[in-house]
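A, B, C, D and E label the chains in the order they appear, each numbered from 1.
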């Protein structure tokens, strides 16, 4: 699998492509992954670069919610979009495999994943998942992968039925709210996302905890991490599957070579951190798809 | 005769002058409106061709969310695909959610209604007891409805933790701002004759509000209040945002997870609730307006 | 004693009331006459402080009414009942409550404000209001909404509200405009009776000069905001009447221009 | 005391007179027993519900009191407000929002006016037709804005156009209801005046009703315009940008100083729209005091 | 000829108009007098079909007015102008347009409906309206909004609108209640002139019996919805007047008066 750090990747030469006949206009969705700062990037120069390179009109759509992007994929109204793994799985299911992941972002440390973590108050005396039996837990919100879907999936894989293992479960409405709920002693534990690397006392290198620490809203001394999930792969850049292979290849090359060919533009869209992109395949996201299927079946079965 | 003729001529001249003035004002207004229209249409990319091509496809999404019901099994059990029971398989939990949400919305709307009714009298230009009270009331209403309810909700989460309490308070605050403005405008439209009557009888400001203005505007206030109740009933963002669930949050979950048939089922339930509130609103309003029949 | 000193009110370029000075001894009944737009309503409204004077003062027993604020102003208004040309009833409330509103400012005690706001009136107050309504032939209509009454009935409700205030002064703005002669007579007599028996001061705007002649102690003629006659009815001869109502000077009602009188005799009606 | 003062313009009634009046007109002293019982029952039920709901949702004085300390956590992070590095983006978002809200609201108001007239009981006297029309409004109001947005995304793709259409669809029904009620509240005498000269239905609407309800129509349209400018949800879903998205994004990443800046910007915008609304309304209603000459 | 046959209207328990039968030959001017609440307004409103009768019929030249619908009803209303007690002007439109509205139903032709709705009136129609306004001293106010006029001025605008209709019948509900004597006289003369010169039938509610005497061919006395006098002014002697206005029967409105209450001592003012 190719990655931006590979030395031999060349930026695509400017010029009109064959596939332009099929793609008269390149419509790009920008949908944040778990890292919510993504969309505060500056995308103007990036769009111009796309236009200059492939010489077709390019439109960017900054979306706050993936439902619209999924419908647009389904209706053939969108060519390419960045999205979270959960959103990708939803799109894949909704279009019956009509979308395909091509790339995901790579962090500065070379990883392409993050983890879900379970935190409790430091003074609660809880130090392990076992001690959570019969305690209460708060998820962040029902659409969040790291704050709800994945931890439940992972816990079930560990043989724990989250609906019975805990005395009480609930939603906080968001990552931050869930953490506040723990600090306010409304719940014993909360689940949120983190990069999983770096100093735990600083809230790891990235994640909800880290950004709250940076704002001075919490102090990690008050919290303790008692569980972390398997790594979850970063959200993919997704294209419509029915587009020509040459188009997909061009997109891959464009992004893979972007950090080195146009470091300024890359920095603007990634807001600093990151080492570029790495190629991915659908197989790497299959677990998300399974997880969604399982959720849907669970739901039908009325839990 | 000549006097009359000259009066007519003068009147006609004045009419023409007024018409010219009105016409040029109207023309200017229309030009500005047209300009704004074209500019916003351009920004919004409202291309007639796109519209023509796309509008026939609006039905697509609605077709997707509607279930495929089959006659033969319409009244079969939850397990049979194509039956009503299969479509509404979570009816019990949805009904419960709707009920719970209605309670939260009712409490929030009630609080907001009361606060707005108190603030709206000083915020009405024609009744304001003084410039200070007027500006204070106006500005606070403006602030309350401009600060996004999500921001209010997050601030309240830090104060009261997650759950209905923060959500209800956030909605109540937002409703106060939204209703207060509407109330103030209704009050500004009221007839001031009775107001003078009560004041002239030595009634205080509050008494005049209560006896002279409130009876006039009550039907309006009630209908705005019930409309706001309806909006709060549907509003998902805030209640979901503070983790208090609600039917709106359930709808968003169904939409985001593409549980299509559930979307239409929940929407139908909400429509039912909305229709109930509307019927109630109509009845209450006409009761308050009373038999206006032949009011001379 | 009610005194007006140089009372003036301007609306834009129109001077509705122009330096009216006047002293009304207690218990006098004054009829104010004048053409439409002469400033009669504006004059009464300034006494009650519903319209602020542009210049001049109103004094009651030597106290400057023009300077009152808050509670004191409300008390003055309660003492000085106003009957409006357009009744100013609360259309959606019933007749009884409309009359009881006259007592809002008569209540005292710690809970007065609250019970007043809640519309809790005592049985005694209600009986008093009903008695009053009955005197004007309206007791049966007490529970109807004001808006279902005929014009004359509404006028009488407004008068009941004023009497309910137990005022010291009554300001009546054309109290009989919508009434038939019998009711008009009854109302004028009621005002006269209140004036005689309780020594109330009454200022009463009237269109019909004969009515003023018949019931008032003193007549005030206004023309374009100025007092052009002031004296007992007996002194109001035809010439003076002409000065008040006549066409010799334009009787302009405000910005809308002269309210011209009769049509040119020969003019076809609809040309 | 007042009675003693001047013998009573209204003789103070003796207890026996009070009793006599009470016997003659019991309704004037207290509502009918059945009404009173109903009132008590409803009042009691309401209070019981209120107490239950307050308890259910955790409105305890203690919790409210304790919570006050946490109020400042975010407010502290909001000062001083700062535009961040992307003030150009923010301004552009505001412009986009204004344009989309304007177009959507205009569309909605233009469609809602005739619909609202048809939904009013004093215009459409055919009860069944009006009933069904109002239920159609209910149906349209019940369909969430998000559902409209998705439907339009499938039709015209992502982008502002879908947002405009969704705003318009969701607002049409609400405005139609409000307009219908405004028309029902209008003064009947003026309409009667037109009927009395032999004016037809349309003439009655045009000359009798429209001048009366025009201020309400305008004020409501402007109010919806204002609230659409603020609203984030739909435009975010359809990827149309706008100020709502800008603020939502900053809330998500907790850039509170920038959130505060945008709020201030919004308050200014709202105040401007408010002032515009007041001016237009004053033109239509007429200056203060003009109504009484 | 205008005929009323057993015309009745009940509001709840009140019978406002009670089996009124009447034949008015063309060109007669009828003054209707009666106490406040006698049912005068309601009677006129039924002729114009603004209030539906509970029983009885209205005939015009033998045609049953009570059964008209749609276009025919509108044409009848256009032929039968109404001047309302409370004017019923469109407050937010200017005076001129308010008068021109009287022509709405007089326009014919394919575009009549449209131009009418757009408020496009011809110069000739405007001249006619201005001429009328001028006769009532209101030409200068033609472009003001109706709501800025004083009561008397609005009354006159309403009369202009009625005359603008070129009606066959005029129904005037207390057209001079808000006017001073000079203006009142002018209005009554205008009605009389229209009645004489164009042979219009006029039904006119009046409070002041002298006015009715002075201007009408025939006087109709109403009491509690029933006709208690019908004849020429000369026949209306003091005794008959007493029957209309007098105190012999209770003048109380509302549900027929039950046992009277303990009237406050010595205060039977109205009865």
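The rule is short, and it goes like this: a contact is a pair of C-beta atoms (placed from the backbone, for glycine too) under 8 Å apart; a residue touches a chain by one contact, two chains touch by 3 or more.
Everything numeric here is computed off the predicted structure, so don't read it as measured data.
The fewest steps needed to get from subunit B to subunit E, moving only between touching chains, is 1.
Interface comparison, C-D versus B-D: the pair with the greater number of contacting C-beta pairs is B-D. Nearest to the common centre of all protein CA atoms is the CA centroid of chain D. Rounded to whole angstrom, the centroid-to-centroid distance between subunit B and subunit C, based on C-alpha atoms, equals 43 Å. Averaged C-alpha coordinates put the centre of subunit D at 41 Å from the centre of subunit E.
Centre-to-centre separation between subunit A and subunit B, using Cα means, comes to 36 Å. Put simply, the C-alpha centre of subunit A and that of subunit E have 78 angstrom between them.
Within subunit C, residues 86, 106, 130-131, 139, 148, 150-151, 254, 264, 267 each touch two or more of the remaining chains.
Counting only residues that touch two or more partner chains, subunit B has 4, 57, 60-61, 154, 158, 161, 163, 193, 252, 255, 292, 295-296. Shown for subunit A are the residues that touch two or more other chains, namely 65, 67, 71, 75, 174, 176.
Pairwise, the chains that touch each other are A-B, A-D, B-C, B-D, B-E, C-D, C-E, D-E. Remark: subunit E residues 48, 50, 74-79, 81-82, 84, 86-93, 97, 101-102, 104-105, 113, 116-117, 119, 145, 147-150, 158, 161, 165, 258-259, 261-262, 264-265, 267 touch subunit D in the complex. Residues 36-37, 39-41, 43-47, 50-51, 53-58, 60-62, 65, 103-104, 106-107, 125-126, 142-143, 145-148, 150-151, 154-156, 158-161, 163-165, 168, 178, 181-182, 185, 188-189, 192-193, 219-220, 223, 227, 230, 234, 236-237, 248, 251-252, 255, 263, 267-268, 270-275, 278, 282, 285, 289, 292, 295-296 of subunit B are the ones that touch subunit D when the two sit in their complex. For subunit C in complex with subunit D, the residues that touch the partner chain are 96, 106, 123-124, 126-132, 139, 142-143, 163-164, 166-167, 194, 197-200, 254. Against subunit E, in their complex, subunit B makes its touches with residues 4, 7-8, 10-12, 14-15, 18, 294, 296. Residue ranges of subunit D in contact with subunit E, taken from their complex: 10-11, 13, 16-17, 20-21, 24-25, 189-190, 192-200, 202-203, 206-208, 211-212, 214, 284-286, 290-291, 293.
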